[in-house]
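Next come two complexes, and both contain subunit A; in the first it sits with subunit B, in the second with subunit C.
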Partner chain A sequence: MELSQLVQNLLNGLAIGSVYAIFALGYTLVFSILGIINFAHGAVFTLGAYFTYTLVVGQFENNGLLRGVNLFPQGSPFAGSPWTFALATLIGAVVAGLIAVLIERLAFRPMRARGAEPLLALVSSLGVALVIVNLIQLLVGAEIYNFPANAYGEVRPALSFQLGERVVIIRTVQLIIFAVSLVMLAVLGYVIGRTRVGKALRAVAESPGTASLLGISVDRFILITFFLSGVLGGLAGTLVGTAFGVAGPYFGVTYGLKGLAVIVLGGLGSIPGAVVGGLVIGLAEAFVPGDYSAYKDAVAFALLFAILLVRPQGLLGRTQIQKV
Partner chain B sequence: MTPLLDIENLTVHYGAIQAVRNLSLQVEEGEVVTLIGANGAGKTTTLRAVSRLVRPRGGRILFAGRDITRAAPDEVVRLGIAQSPEGRQVLARQSVQDNLELGAYTRRDRASVRRDIAEMYGRFPRLGERRGQLAGTLSGGEQQMLAIARALMSRPRLLLLDEPSLGLAPLIVREIFDIIAQLNAQGVTILLVEQNARLAMGRSHRTYVLEAGQMTFHGQSAALLTDERVLQAYLGG
Partner chain C sequence: MADFLAQYGFLIVTLVQAGLLGLSLYFPLQAGQLSLASPGFYAVGGYVAAILLTNPAYAGLRETLGQGVFPLTWLAAALLCGVLGLVVGVPALRLRGIYLALATIAFVEILRVVSLNLEVTGGAVGIFGIPQAFGFGERWQYIFLFGPLLVLTLLFARQLERSRVGRAFRAIREDELAADAMGVPPTRYKVLAFVIGAVLAGVVGAMSAPFLNTWNARQGSFDASIAILAFVLIGGSRNIWGPVVGGALLTAIPELLRFLADWRLVINGLVLVVASLYLPQGIVGALERWRRRPPPRRPVPAPSPAELRGGRRTP
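What follows is the complex of A and B.
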């Protein structure tokens, strides 16, 4: 492989890998607190993208109940500049976080309060995911929505530089994805590792009973966890949607599965594991030759399979996880 | 005078199993009170009910005259009850220092929290030497001290200690009971659950004896130490 091709693949892989990482972290946070995979996380990802799209575009032209509705007859105040677009993205992510909180209240807490098997909560989260997907389809139809090219104003669509005989192209959106993901990882790492809230969160993850004895409200921290998880999911949805289009109500399902592959690969419940897993899968996909790009997902899962044969606990996982 | 802790007719079930039945006990401010009884007598369950980790089926729990039977677990800590649980339960994946800071989670006065941590390191020098170490790497005795120190970090009026001597060498057990006596001398009221009945009774004011979830009798520890029933059942004749 030529150097330029190598660098190009590396850049592509890092961009998509970093968004896999922040998305997968949403699973990891909930898993490390509750020991349950939140199957509605993919749906929250989808919602994040649709929320941002709603703010930036304000209308849905395809089939669905919202057809013909125009939120901003004078044009969206969020379109046209990178800063307002960023604000819309942020609002989309926060609303996705609130939806995740709602999911915890509706699908997880009632199960917990009755002492149900963790597996049942998993099924109820799957139910929530289906409801959300169908609601989206009902409201805005099943078609793909692309962000308009000028949604974030007059920004250069790509940077390029000559390397050897060929040109390496970095799309601006890839740079943004990478930068935003890095910032999110840094913020999250700081909050969890250094702050009082983060220490309490880790205490709840390690032992809810002990955390209660210290005066930490476990239910409140579970809510905080779901909020953070939803923000990460929603943000990832917007980032991917901006780069590749918001690909219908099932948008998040594919990414949901890939996110699962990421956390299993990295090690269930491990935060650095989610980051490493995301980057590994992103890079692996990027190195699939263009002619075979239809097999990208197969590559990701084949890699998962191969690594689990050697390290059943995942790359950075602790051995012997007893949770579901 | 209202007792600091007043448990009235407490009943706790685990599923179909009745762990505590109609238990009443009082702890006066400034006392050390011991709960003894065989495994499964309901001692730990009683402490867990006070800390609101289990939901009582019946009865009332009053703390300083206030009904805490339905309070949230974190509210109980805020009101002034801390527990060092059975098996110590330090947060193994966090440092000694972080464990202590989390013990003060309900407090906002950061400067005095720092002072209290320094004081704990003075009281438990080995914790001070290992402040940056993960709590899971401490020895059993050190973990027990950390669990007690962590409970004290919330500045409790009532300290619940569940089996502080479990699995520890006799010398360390003595050290821990010395600390309990010191704490009590400083005004902390203590409710203690112990397998080591003779030692615990020797260091407490009053003792309650539990059997199969019910209180069989109670009295001054000094008197019970020579009581025939206690001698036979719990002090090895």
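What follows is the complex of A and C.
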């Protein structure tokens, strides 16, 4: 492989891998506290993208109950400048976080209160995902919505530089994705590692019973966890949406499934693991040769299988201690 | 009767088929293993049948065997899925808990992507024009295939539960470590339970390919995994009737809700949420509990005169 191709693949892989990482962190946070996988996370990802799209464009043309609605006849106040666009993205992510809180209240907390089998939470969270996805379809139809090219103002669409014979191209959107993901990771690392909230979260993850004896309101911190998870999911949705378009109500499903591969690869419940897993899968996909690009979507799952064979606890996971 | 069968025959066969797929997930669950692989094996079984029944490479085989080719497709699907189940199950089942579920999701996705891209599976379009089994003229006649299979599976499940193997499954489900200590090798039995489920799903797939007439990559998807899981958990995972009842009911509900048109899928999701909240033991579990309801511990206090006059009871 030529050097330029190598660099190009590396850059593409890092950009998409960093989105995988922040998306998968949403799974990891919930898993580390409740020990279950929130299958509605992919739907929250989708919602994040749609919320931001609603703020920035506010028009849904062809299908669905909202057809012909135009929220901003004078043009969206959020479009046209990088800062307002960032604000819209942030609002979209926060609303997605609130939806995740709602999901916890409706589908997870009643289960815990009844002491139901944890497996049922898989079904109920999937039920929620089905509701969300189909509501989106009812409201705005199944088509792809693209953010307008100049939604974040007059920014150069791509940077390029010469490397050997060929030109390496970095889309601005990829740079933004990478930067935003890094910032989110830093913020999350700070919150979990250095603040009182983070300390309490870690305590709840270690042992909810003990944490509650120590005066930590477990239910409240579970809500906070879902909020953080939803914000990360929603943000990832918008980032992917700006890069590839908001591809219909089912657009979160693929990411939802790949996120599972990411967390197993990194180690279930491990925060650095989710980051490493995301980057590894992003890079692995980027290096799939062009002739086999149809198999790109299988790469993540092949890696999942491989890691289960070689190192079941994941790259950075702790070995499971068998308790009697 | 003929009208009824013409209108509902397809649905009735689908209900039975759903029950069978539910059972294919029920076997691993007996040994405490949550597998979501059924749609994968179902898809493989269907592809095996579809290829044997339509691919020109097997024209000679079809001519020699005549109608006998249909049982052959079931056998081939069962064999292939059994082997595939071993290959997937052995690495995945060394692990506990959620890993198997995740590994099986990965398995289904890999199969889906591969079948979308292979020539022999017809790529994204799939395989069409699969001949009807035994020259069946009407869809409801497939009940003569799925019905006996369901009965056989239920009998098998009942016998299995009472056998040494069934007891080993339950021991592993309740406490894997204790079972191991008592000389029940967990991995071997877990793989066995998984393979039984795989073979069943494969045969159901092989029977379904002629029934549905076409076969494509959408047959084995993550959505199907969850649908089948819902059959079992909402029907009841501790009783062989659970998956059957759950499968039939959750397949029938969307039909009954047809009048809701676009809202149907939304309501479907709500059904899953509500059922998992209010029927944690599944429908069959709830019925059993209701039948064996213990007598109330405290006698209901007789209303005081004040209450009879319409006043409120003071605690």
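Just so it is clear, the second predicted complex is superposed on the first by the 320 of 324 C-alpha atoms of A that agree within 3 Å, B and C clash if a C-alpha of one lies under 4 Å from a C-alpha of the other, contacts with A are read in each partner's own complex, and residues count from 1 in each chain.
By our rule, a residue touches a chain if its C-beta (ideal position, glycine included) is under 8 Å from a C-beta of that chain, and two chains touch if they have at least 3 such contacts.
Fair warning: this is a prediction, and the values are worked out from it, not measured in the lab.
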| message | For A:Ser212 in the superposed arrangement: first (subunit B), second (subunit C), both or neither? | response | first
| task | Give the label of whichever partner, subunit B or subunit C, reaches more residues of subunit A. | result | C
| said: For A:Leu268, using the defined touch cut-off, is the partner it touches subunit B, subunit C, both, or neither? Pick first, second, both or neither. | reply: second
| task | Mind working out whether A:Arg156 is in touch with subunit B, subunit C, both or neither, as first, second, both or neither? | result | neither
| task | Using the superposition on chain A described above, determine whether A:Ala129 touches subunit B (first), subunit C (second), both, or neither. | result | second
| message | Contact-wise, after the overlay, does A:Leu106 reach subunit B, subunit C, both or neither (first, second, both, neither)? | response | second
| task | Would you tell me the residues on subunit A in contact with subunit B in one complex that are also in contact with subunit C in the other? | result | none
| remark: Per the touch rule above, subunit A residues touching subunit B in the complex are 196, 199-200, 202-203, 206-207, 209-218
| said: If we count contacts the way the header does, which residues on subunit C are in touch with subunit A in the complex? | reply: 34, 91-92, 94-96, 98-99, 101-103, 105-107, 109-110, 113-114, 116-117, 177-178, 222, 226, 229-230, 233-234, 262-263, 265-266, 268-277, 280
| In the complex, subunit B residues that touch subunit A | 51-53, 72-74, 76-78, 82-83, 85, 89-94, 98, 101-103, 105-106, 150-151, 154
| message | Quick check: in the complex, which residue numbers of subunit A touch subunit C? | response | 36-37, 39, 106-107, 110-111, 114, 116-117, 119-124, 126-132, 134-135, 137-138, 253, 257, 260-261, 264, 268, 294-295, 297-298, 300-302, 304-305, 308-309, 312, 320, 322, 324
